[in-house]
Structures are given as C-alpha cells and as structure tokens.
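Should a chain be cited, it is by its letter among A, B, C and D, assigned in written order, with residues numbered from 1 in that chain.
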Amino acid sequence: SDLPADPGAAPSQAPGETTGTSEFFDQAEYERQLALRDATPEGPADRPWEQALEPELVDTAQYRKDGPHQICFSNASVDNPWRQVGYKTMQAEADLHDEIAEFRVLDAEAKDDKQISDIASLTSQGCDALIVSPNTTATLTPAVESACDSGIPVIVFDRGVNTDCPVTFIHPIGGYAFGATAAEFLSEQVGEGGKVLGLRVLPGVDVLEHRWAAAEREFADSGVQVVGAEFTENDSATAKSIVSDYLQREGQIDGIWMDDGTAAVAVLEAFEDAGMEPPAISGEDQQQFLQKWKDEGLTALAPTYPTYQWRTPVIAALKILRGEQVPKEWILPQPVIDDSNLDRYLTAGMPPLHYGLCGCQEMPGFPQRWQ
Amino acid sequence: MTETLPATGKTRRIRLADGTGPVLAVLAVLLVALAFAGPAYSEPAGYLALLKRAAPLMILAIGQYFVIVSGGFDLSVGSLVTAEVVIAARLIDGDEGATVWVIPLLLATGALVGLVNGLITTRLLVPSFIVTLGMLLVLDGAVFLWTGGSPRGALSEAFRVVGREGFEVPLLGAVPWSVLLLAALVVAAVVFMRGGTGRTLVAIGDNETSVLLGGGRVERLRTLAFVLSGVSAAIAAILLGGFAGVSAQVGDGLEFRVITAVVLGGVVLGGGRGSVVAAMAGALTLEALFSLLNLLGVAGGLESAVQGVIIIAAVAYASVGRIPFRTRRST
Amino acid sequence: MATGTAVAPRPAQRLSRVLQPTVVVYLALVLLLVAGSILVGVRGGVLLDQGGILNILTRSTALGLVAIGQTMVILTGKLDLSVAYLIGLCSLIGAETMAGDPGMIVPAVLLTLACAAGVGLVNGLVITKLKVNAFIATLGTALIIRGYLESAYSGPAGEVPRAFQHLGYARIGPIPVSALLMVALAALAWWYLMRTKGGYHVYAVGGDEEVARFSGIRTDRTIIKVHVLCAVAAGLAGLFLASRLGSGAPWVGVDAGYDLESIAAVVLGGTLLAGGRGGVAGTIGGVLILATLDTIFDDLGVTPFFKDVVRGAVLIVAVALYARRRGALR
Amino acid sequence: MVVTGLTDEAPVVRMRGIGKQFLGNAVLRDVDLDLHPGEVHALVGENGAGKSTLMKILAGVHRPDSGSVELGGSEATFGSPREAQAAGISIVHQEFNLLGDRTVAENVYLGREPVRRGQVDRRRMEADTAELLDGLGERGISPRTPVRRLAVAQRQVVEIVKALSTDARVLAMDEPTAALADHEVELLYGLVKRLRQRGIAILYVSHRLREVFDLSQRITVLKDGEPVTSTATAELTPDQLVRHMVGRPLDALFPDRAAESETGAVRLAVRGGGNARLAGIDLELRAGEIVGLAGLQGAGRSAVARAICGVDPFATGTLELEGRPVTIGSPRSAIRHGIAFVTEDRKGEGLALRQSVRDNALLVRRAAFGRARGLGALDLAALLRSVTLVARGPGQEVRYLSGGNQQKVVLAKWLAVEPRVLVVDEPTRGIDVGAKKAVYDLLRGLARGGVAILMISSELPELIGMSDRVLVMHEGRLAGELPAGPSEEAVMTLATGHTTVEAA
C-alpha cells in the first residue's frame, strides 16, 4: 500500500489550524503573529525572501548531495494572478541557479486528489528535493508525509500541512498579522463607531479565515461598527454590486477591509459612481490598486502576502542540498505598503494584477517576463 | 365546431401571456418586495440601478434564448465573457484611441466564436451541449495561454462609459447607458422574433425536419442563433468590463445563471417554446431576487440554496401548473 | 410477397458492429497510449512505467465512479449536474461519521450511501413528479447542497481511520485496488444495463419516454432509479476521495469539476447525450482517455491552460467522429 | 380461454357514459361501447370525432372525466398503460410507438421482456418475435434489426406484432393499415380472423370503409364525440355509414378527371434520374394533370418524390422545369422552383407540433421565402377554410388537433406558397372520408388551376380514382405506365414485376 506511515501523535506545526469545522481562531498563534510583526528579521535586508524571523535552524547535512540537481515542485494551481506572479518568479529563481539541471513541475489544477498523486509520482521520479505548495492543508498532509518517508528533502510553502516532517516550512508571518494590520489602520482612520465593510473572497481557506478572524477582533476591540462581511469570490463586478448595495442601505461607509485586494479598484469605483468620496481602504499590493492609490492620493494601506515567498523554496532546496542549515519554520517578513513606501513597489507598465512584492525587480528578464 | 376562427389579435395576446404570465407575476412580487425592503427602491433611481446591474444578464438571456428556442444550449458564454474582457484589456492597454477598433473587434470575436459553435453543431452534428462545453474549455485555456495566466493591460475610460456611466433625464435622474442599450436590444429582439426568421427559428426548435423540408436554411439559422449568442456575450462583456474593470473572473458561472434565467422565463429546454420577453424577464427576476436577498441580509450559503429552491419551484409550477392554468382561461 | 423489403445487407451490419463507439474509444485509447509513449519517450521519460500506470488508474477512479452513474442518467436522456457538490457532501458525511474510529466504517459508508440515495431520490422525484427538466432540477439540487456546504463548512472536516485509507492507497502491483473496485462496479452496471429488464427499460426511456410509457414501462420509476444509482455512485466517489484525502472536503468535487467532466467522459465514451444509446464500457474508455491525456501532459510539462484547450478540442472532435459515423450508417 | 365467437356472449369490455374534456372542450360525451369476445367492433367517424381518445382511455393513457370502464364485469378504469396492459388490453396506436435504436424483438417485448435467472432471455424473445412475424407472413424482417432501419410499412408490421405478443383479451387497433399496402392488408385480414377465433375482442378504427365492412361484425359511429349509432355491420350499407359519419350523403367520392383539353404543356420532366435507391426514372408531369405513382412498399415511390423535391436528390439524369433544365439540390431550391412536397410522415417531417396552426401554415412561406418575396398577399383564414380545417382558432397548437386536421394543416402550408408542381405522398393517410373527399376536390381544383400533381398512395382505389395516368414502380425503377382508370389487377401485375421489360 502507498498509504503513508501513521503520523502518530506528531504535533501540528502549521500555523494555527487543525482540521475541523470549528472557528478558525487560535489565540496563541494570533498573539505570536502580532508579535512577529515587530521582530527584526535575520538575513540580507535587501533580499527579504532570504530573511527569516526568529529562525530555529536545523541541520541538513544528511541531505547533502552534489549537483547538478533535479528539483521537483508540486503546485496546487496557477488559477489566480497571485499564484501566476509567484510561479513566474519561482521559475526565474530556478533559472538563476546552474546547479539545477531540471526543474520539474506538476500542476494539480486545484484538485486535492490530483496533488496527492502528483506528489507520489514526483517522489518516485528521482527528485533531489521536493517543493510542495499544498492545495489544502488537512487533505495533503498524508501525501507530504509519505514524500518525507521516501528520504528526499521536502519543502513546503504558502499553505501548511499538519506535520513537521518537511525539512522546512516557508511562509510569511500569516493571516492574523495581515488582518490585524489592516484592521488597526482602518480603526484608526474611521474612529470609534465608524462603519466598516468587510469584503472577503471565499469561506474555508485557512489563510483567509485567519485574516478575517483577526480583523473582527480588532474591530470589536476598537468599537468599529462592522456593517457586514460579504464574499465576493474575487469577482470585481460582484464586489462592486455588493458595495453599491451597502452604500444604498447604509448611506455611508467609512472604511473597506479586504482580505484580497483584487477587487479594490472596483470597490473604489462604486464610491465614485455613487458620487462619494473614497473611503479608507485596505487592499493588497496589486498594481492597479497601487496605481490608483498613487494617482488619487487615497487613504489606504496594503498589508501583503508577498509573492516573493515563491523564491524562497528554491533557495532553501539548494541550501539543503548543500547541507547548509535552514530554519525549521522559515517565517518571511511581511512588509506593509503605506504612503511612505508606495513608490518603491509601483513599477510603471506592469499588468493590472501584478503584485508589487514579487521581489523580482532585480531578476534577469524583468519586467518583460512578468508582463 | 366546423368553423375556423379568423386570425385576430385576441388569440395572439393569450399566447403571449401563456409563457410570460408566471414569470411576470413573480417579477412583480419581487419588485414590490424590494420597495418594502430597501428605501432606495422607492424611487426610479433604485430600479434603474437594478436594471443596470441586470443588463448584462438580460442581454445574455436574449442570446441564450435564440439558442435554446432553436433546440440548443450555449455553455460557452461565461468563458467567452471572461475572454472578451481579457482580450479588450490587453489590446486597449489603457490607450483611449484603441477603443474605437477594439469594440468592433470584440463583437466580431463573439460572432466568430458563435459561428464556430454553430458550424460544429450543424455541420459536424455534435450536440451543442458538448460543442459549447468544449468551447468553454478551449476559451478558458486559450485566453490565458495568450496572456500568460492573468489579465494584462487596462481598459480605457471610453470603453467603460457604456457599462459605468449614464446620462441625465428629467424626472428619472441619471439613466445608465447600459439601460438604454438594453432597451434598444429588447426592441430589436422582439421585432426579430415577430418576423419570419424569428418564427422559423422557433419552428426549428420544434421540428427541424419540417423546416428543412419546408425550404428553410436550418443550418444557417441555427448557426445564426449561436452567432447572436456570441455577440450578446460580447456586448455583456463590454458592459461588465465597463462596470467593474478588468478581472479574470467576470464570466464565472454566467452560463448556468443565464440558462437558469431563460428557463425561469418559461422557455423550454429542447426548443420550440417560449418568448424572448419572458426570457429577459427571467433574467431580471433572478437579479431582483439576488438584490432582495442582499437587502434582507441573507448570507452567501443561504443565497444559493434559495436560488436552487426557487428555480425548481418556478419550473415545477410552470409545468405542473400549466394545465389548470389554461383550463381556467379557456372556460 | 415481401421480397422487395430486403433487410440491410449483412456486411454493413457486421462493419457497424466492429466500429461501435466502444471499440472506437478503446482504439483511440491505444493510439493515445502509443503516441503518448513516443512523445514522453522523446523527452526521456517513460509513460507506462509503474508510476504512469498507477497515475492513470488512480486518476480514473473517482471520475470513473461518477461517470458510471452519469452514464445511466444520460442513457435515460437526463443529466445530473448535482454530482460535484454531492461528492463533497458525501466525503464529509463519511469522514465525520467515521471520525477516525475504525468501528464506524461500515455505519459511515451505509449512512453516506443512504444520504446520497436520498439526494438522488429527490432529483428523481422533482424530475418525474414535478416535471422539472433534469438540467434545472439537478442544477437546483446542486445549488441547495452548495448552500448547505457553504454555511456549514469552512474547510475539510472529519477524519477517516487508517483502515479506511487503505481503500484509497492499497494496490496490487501497479494496479490500485480502488481502480479494480471501480471496474467491478462498471462491470456490474454493464450487466445491469445490457442483461436485465431494468437496464432494457433505461434504454427504452432514453429512446423515447412516451413510447416507453405507452408500452407499459413505469418510466417514472426508471428515471428515479437511475438518479438514485447515479447519486450512489457519486457517494462512492465521495467516500473514495475521503479515503484518499484522510478527511472530508466540501469542495473536492467542485474543484475537480466532476459535473461537467463526468458528462464529457460519458459522451467521449460514445453515449448519446440525448439518451437511448451507448453504455458503461465506452464511458470507462472515455475516463481512461481523459486520465491518460492528463498524465501525458504532466510528463510533457504542459501548462494547465494548454491542457484545457486540448481537452475541449478532443471532446468536440471525438463526438464529431461518432456523429459522422452514425450519419454514414443511417 | 376457449370461447366461441358469439355476439350474444357477455361483453368483455363495457364502457358507459364516457366523457372527456381537453382544455375545456368536450371531446367525448356520454359514449357507451361494448366489446364482445371474438368480435371485431369497428369504430368510425370523422377526423377529430374522438376515436383515438376513446381508445386511449381504454388503454390507460387518458383517464375519463366521467363514466366507467368495466373489464370482465368489474370496474377497471386504468391509471396507466401498464395497468391496462396487465389487465389484458393491447393497443396498436395511431402514431408509431417504437424505439428506433432498439431491435425489432426488443421493441416487441418492450416492457414485458421475458426473464430467465435474473437476465432478459434474449434468445427466447427473438425466437418468439420471429414466430409472430412468420405468422403475419413477414419474412423480410429480422428480429435483430434495429427498427431505425425498417421502412414505414415494416414498422407498422412490428407495431402490430408488438400488440399481438401480449396475448391480450382485448386488442384495439387505431388505423393499423394506414401505412400498409393492399397485400399486407390481406395478411392482416387473415390474422384478425385467427384472433377472432381465439376469442379475442377487437376494437378496430379505420378510415378505409372497405376494411370496416370486410372485417367487422359491429360498427359504432362517433360524431363530434357522441355515438351516432351502433349497428351490426350486416345491417348497414356503405352509403348509410357515410351518411352517419358526415351527416349527409356523399355524392361521387372522386371528382371528374381532367379533360384532354385541360392538360397543358409538360411542366416537369425527369430523364434518366437515378440515385442510391433509384435507377432510370423517366417521367413527365403536365400542367393540370394528376399522375399517380403506384408500387409495393419499398418500391421507391417515396424515393422518387424525395428526389424530385430535392430531399434526396437525383445523382444522375436531368430534371427539366417547363423545358429548362434545372438543378435541384435541396428542398429550398425545389420550393423556389415552385415544387411543393407533402411528405408521408406528417408528425416527423411535416409539422412543428408545438407551434400554432398559423405558424405552421406560414412555415414554408417564411422558411423558404423570408418576407413573402415574390408571393401574393395571403388570406390565412381563407386558406384554412379552403382545406376545411377544424380547429379552435389559428392560435391553437397543432399537436392538439386530430390526425386528419393535422394533415390539412400540412396541405395548407404548401398551398400558401402557390406551387406549380405538387408532389403528395400519401395525402389522405389517416383522414376520414369527408376530409378525404375534401382533399380530392382540393387536389383536382389545384390541377384545374394548372398545377401539375404527382400523387403517391397505397390505397389503390384512391390512386386509380384520382389519377389521369398511373405510373407503376418496381424495385427502384419505373415498371410501366397505365392510362386513366386501370384495373387493380393491371397495376398489381406491373408492381410485382411480372411484365417488366426494363427490370430484367
């Protein structure tokens, strides 16, 4: 049987979640993330994707191997612009290294079941290291475990898995920090009693659930009135309609909290079309939002879930294959874009859904490769 | 008993009411409910906003109606809408001047996709459900293959005028351009369906052979229906892109929503029955329902459940309720 | 006296037997495997090694299960668009009932299948008694299940015991046990459709519902039956996926697009969308073709967008070929 | 079940006070009907009189609004065809009731497949079907052939076999001979006699009065949903029967033939026409004449019609219209050349059933000419009157019309385009005497107006009565031509290929 070994009582190492329908809230993890926001990262300051927060290094000598290497990557999907930008950046990173003879990628097209077989087949194909970006935390855990069992180094990034068998798990600080940062900014802007509308993408994705859970908390603590939390499914037209409805119903909205900035521009347009001033808004580092922010001098903030994290797994894989130490949990800094550093992340001529924090500005082929 | 009634307008009115009646009743109830639920719906502006929001779906419903009534399905409209918006953004790339040639190009693309759907359906005899399902996959993949995974470029202001802005009319206030466009298309569709070509299209949905043996160009007409559906998707894409800007998700799920709308309007899947006005009323009903649920604060999950119950109930009422409804009328 | 009315000549008949869609499907599969092996070989890989075979078969299992059910529904001239959400629902019911306890496997499986059958029953009743077109009826059910999943779940839930996970992972050589079970189910469905009275009635209802009713067939019952069977097949797919994933996942069926994909597989397998003609054997061939295409593309490192384009084109071309052949024979 | 065929025996079916409404219109009012074992009971009446409806009530397809059905003395109003079948009632429906994709045997045993050890006993099914077909003298049909491959007449035979296979106590046949040629009708006669001897009660609906008199012991006449009379056949003459049916005596059924002076120049000529089903077709149609085309089933009569009208065009040979060669490759080009084609299958090829009478009547005009190009204005009401249509109004859906009235709508849609050549394939199939006469008068009237008409009919008396010339076909070729008023024997001799010159 290909059934992975019994995970036994291995404690979960992924941020927060264990399976279950329960609330996506974990007090300890929440507090840890809020604290991490202020921690000083270790590593080169101009290369945040190589930095780590509070790293706890592990030895990888056992994986040491001479190149050239075959690095394998099981991707959850490329079905949204964030993953597109990230994946392009990752490929560019792989191209940078001559030690990588082959970078093999299987795309699971958002199917858990396919990703399970993808991981199994990559494991059996002589990869020197396996990078996994899991589609769903809970359901991919067994597959990752069996990959670990095969003896090759496994690197997990973005969403986690419920096991500590991977050599390293790479991720930015996390959803709680994201949600709380945005909510703190908005609370400050709208003041007590101010009206804030929460626009979410989908239910059920842990990273996104954490964002809202933290925001809800923050809003409750600072007495901000949350007029609603709606799912937009990332569709601008839906988001715009929802906001128009709320404007009709509430008359006025002071702040917009978003867990994904894709529809931010459409949301702002809803205010324009209603003849209203733009509200305080938290978005993300998408090009079109940053552009509008700059052009119109918005009251805005963009906490990020940086796409540069896609570079790190490749770097980590090579480090591991060189036998260098890596953090067990590789927490990347999670910069926040505000008025002061907006210009740094805005590159003219990028596609509307390009992510400013791709960390790709200095890579060969920029900007054409990302356009 | 042995007399044939002369052709009068009276019977025609009854026929129209036959398909349109139930959906119009539901629509009226919803509109009244909206007026009670939201203060905005106490003035024309609220309803104009509703129409503006419903315009893309209603326009898609016109196109889908042509296909369904002639006996087919068009599942490709959702991905066609996405493709059109993405194409427009990449070609215009923020250049106002490009709008002038991009819009005709989009309409032509819609027509071309429809033409391909139609030709494969009629010449290669592949059921349209499959053709358009295949087209859905092809479009989904091809457009992102072309742009490298996510939308590129940007729409121009001029492109967005129709979907986003309006013009002032005394008494009514700001009338969205999209509502004006919708009105024009409604009139055009009704005139078309009253004419010989429109009636022949319905007859094709009923019995293709009889039209063929009657000298009709069945293949051409069925293809025309797909072309019109493709063009309607292009127009809907122009409105949606104008309304909310570039997005990779604009068209998601539109195909099922528009088929639901058309069926809600009493148009029979399989063809041969139903009116274009009722199909559009179905689309408006669906949008009014969403607005109402939103106003009432019904959350995501419940919303789709309510939608599910309502479409089943409406179609069940129409088919089970048809006979008593008609008996009452004729006595 | 009736000498003028000769029956169609024998050779043509034999040819048509040989060129039945089922045979065509498997011929296409073989061609695809050969072409795929060459392409993958050129790139230095092997398509049909142990891992490749395992991949193709594993990928076929869930889709195969759904498609078997979908075949029966399509043979009666209906469709079931609710299977994708139902799969998610069933994976959850199974995993939550088991909750990691091996003793609960049997009750959980029974409960899941009963719930699935219930959904199928509702579909069937709405179609037959409320006279709602199957497309709309099952779309409505799908929306209702979706509403429930959205409001009740925010992610994977439940846990299946290890014993149950063997269902998803055990294999004999390169052949997964679950794939064997799927093929066994297909064989059962084939026997039911081709050999039993109930199966004959499925074809009759698909051929012409009125004719079937006038001939004394309880058409409503047949339609309800196929919807229940289809839902149960979807339930099995849900259980299989739960065993693969270790827990229930609400969107596992939707993300994989099992609704439209199962219809595509059935039609690719030569079953007439309008009903009345085709069968399970072809469907399994269709499923294998889709899985093989996927595996070849993976081995070639093709982007998912290109895969979609090819899948769409293959679907259209295949059905066009069947239509052409049928036209020629008429 | 050994019963002698005596009419004084207790009736096996007893219908009392049956009433039925459709859409608020009474279709049947207070109908009484008894069926006795071993008796053929004919049910006749005009189109739309309610014959098929009454039969469908007996078959459990419709439920009566009032009245009762008793079977063997006990109340039996059936809720579904299945219940009726189980009670021993078997029906040959007016419209085909077969599955094209299933084999003959599968169709015959549809819903009653014999089962052995959990499996359908296919072998037995096929053997039994072959036996039943043999009994009907049909050796050309294999039980394993898909019905889709059979010709219309063969399908009708399968339909009858299907009804016979149930071992019913009561057999109802709704125009079983409508698609049969005379020699096949003969076989059916023999069969009906054997069934009578077995004590089966037969309800027989037909518009062919000769059959009614040949076969039945009792005749019930329905008019506008009410029974006019129910009399022993022996006590009625054909004239009296017709009077009961139409409410007035009918003068000569067939209108006068065209006088020599009335036939004009050659309107349409085919020379050496051939295609997959036909060879060496040479024929001429003159303005003002009606040419009959006779032949056995499958001789290729319909194929000739379809070739002339561009449906399955000639592959070889030439076609001339008014002396000019024309190419006709599609129905559209045929229609635009003034050729109209009334097909034999009105439900499948003629009508858009869910559309209104108006839309159907205008169908060809709209489909082939768009905005009435080159056609005069149309008075729809007058057109519908001219074909003596009985309908609630031009807005009524065609599917709610009786078979005969549907046929009139088909004629109307062709007359709406004022054709100069009219090809009619079985124009009176399934319509009543009164309507038939109307169709005859209509056709002759058109001919008088200068239309050239090619008429195909499997009812020889009709063909002989109407035609100014009769062409006879045999196996895809023209076997000969006969002048006006030939004897049936002369036609049959040619049709069976006995005196063929070409077809050697």
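Side notes on the structure shown:
By definition in this document, a residue touches a chain if its C-beta (ideal position, glycine included) is under 8 Å from a C-beta of that chain, and two chains touch if they have at least 3 such contacts.
Chain identities (UniProt): B, C = Autoinducer 2 import system permease protein LsrD; D = Sugar ABC transporter ATP-binding protein.
The structure displayed is predicted, hence computed values, not measured ones.
Listed by label, the chains that touch subunit C and also subunit D are B. Summarising the inter-chain layout, the chain whose CA centre lies farthest from the centre of subunit C is D. Inter-chain contacts peak for the pair B-C.
Distance between chain centres (mean CA atoms), subunit A to subunit D: 74 Å. Our note on geometry: subunit A versus subunit C, Cα centroid distance of 36 Å, whole angstroms.
Centre-to-centre separation between subunit B and subunit D, using Cα means, comes to 43 Å.
In terms of their C-alpha centroids, the spacing between subunit B and subunit C amounts to 31 Å. With touch defined as above, subunit D holds no residue shared between interfaces to two or more other chains.
Within subunit A, contacts with two or more other chains are made by residues 78, 203.
For subunit C, the set of residues touching two or more other chains reads 150, 152, 303-304, 307. In summary, the structure contains touching chain pairs A-B, A-C, B-C, B-D, C-D. Those residues of subunit B lying in contact with subunit D across their complex are 1-2, 4-7, 11-12, 14-15, 195-197, 199-200, 202-203, 206-207, 209-217, 272-273, 326-327, 330-331.
Residue ranges of subunit C in contact with subunit A, taken from their complex: 50-52, 54-55, 58-59, 62, 150, 152-159, 162, 165-166, 168-171, 241, 244-247, 249-252, 255-256, 294, 298, 301, 303-304, 307. Contacts from subunit A toward subunit B in the complex involve residues 78, 80-81, 84-85, 87-88, 203, 228, 230-231, 233-237, 239-242, 244-245, 248-249, 262-263, 265-266, 269, 273, 288, 351-353, 371.
By the touch criterion stated above, subunit B contacts subunit A in their complex at residues 38-40, 46, 49, 53, 89, 148-154, 164, 240, 243-250, 252, 291, 294-295, 297, 300.
By the touch criterion given at the top, residues 120, 124-127, 129-131, 133-142, 144-145, 149, 256, 259-260, 263, 268-270, 299-309, 311-312, 315-316, 319-320 of subunit B touch subunit C in their complex.
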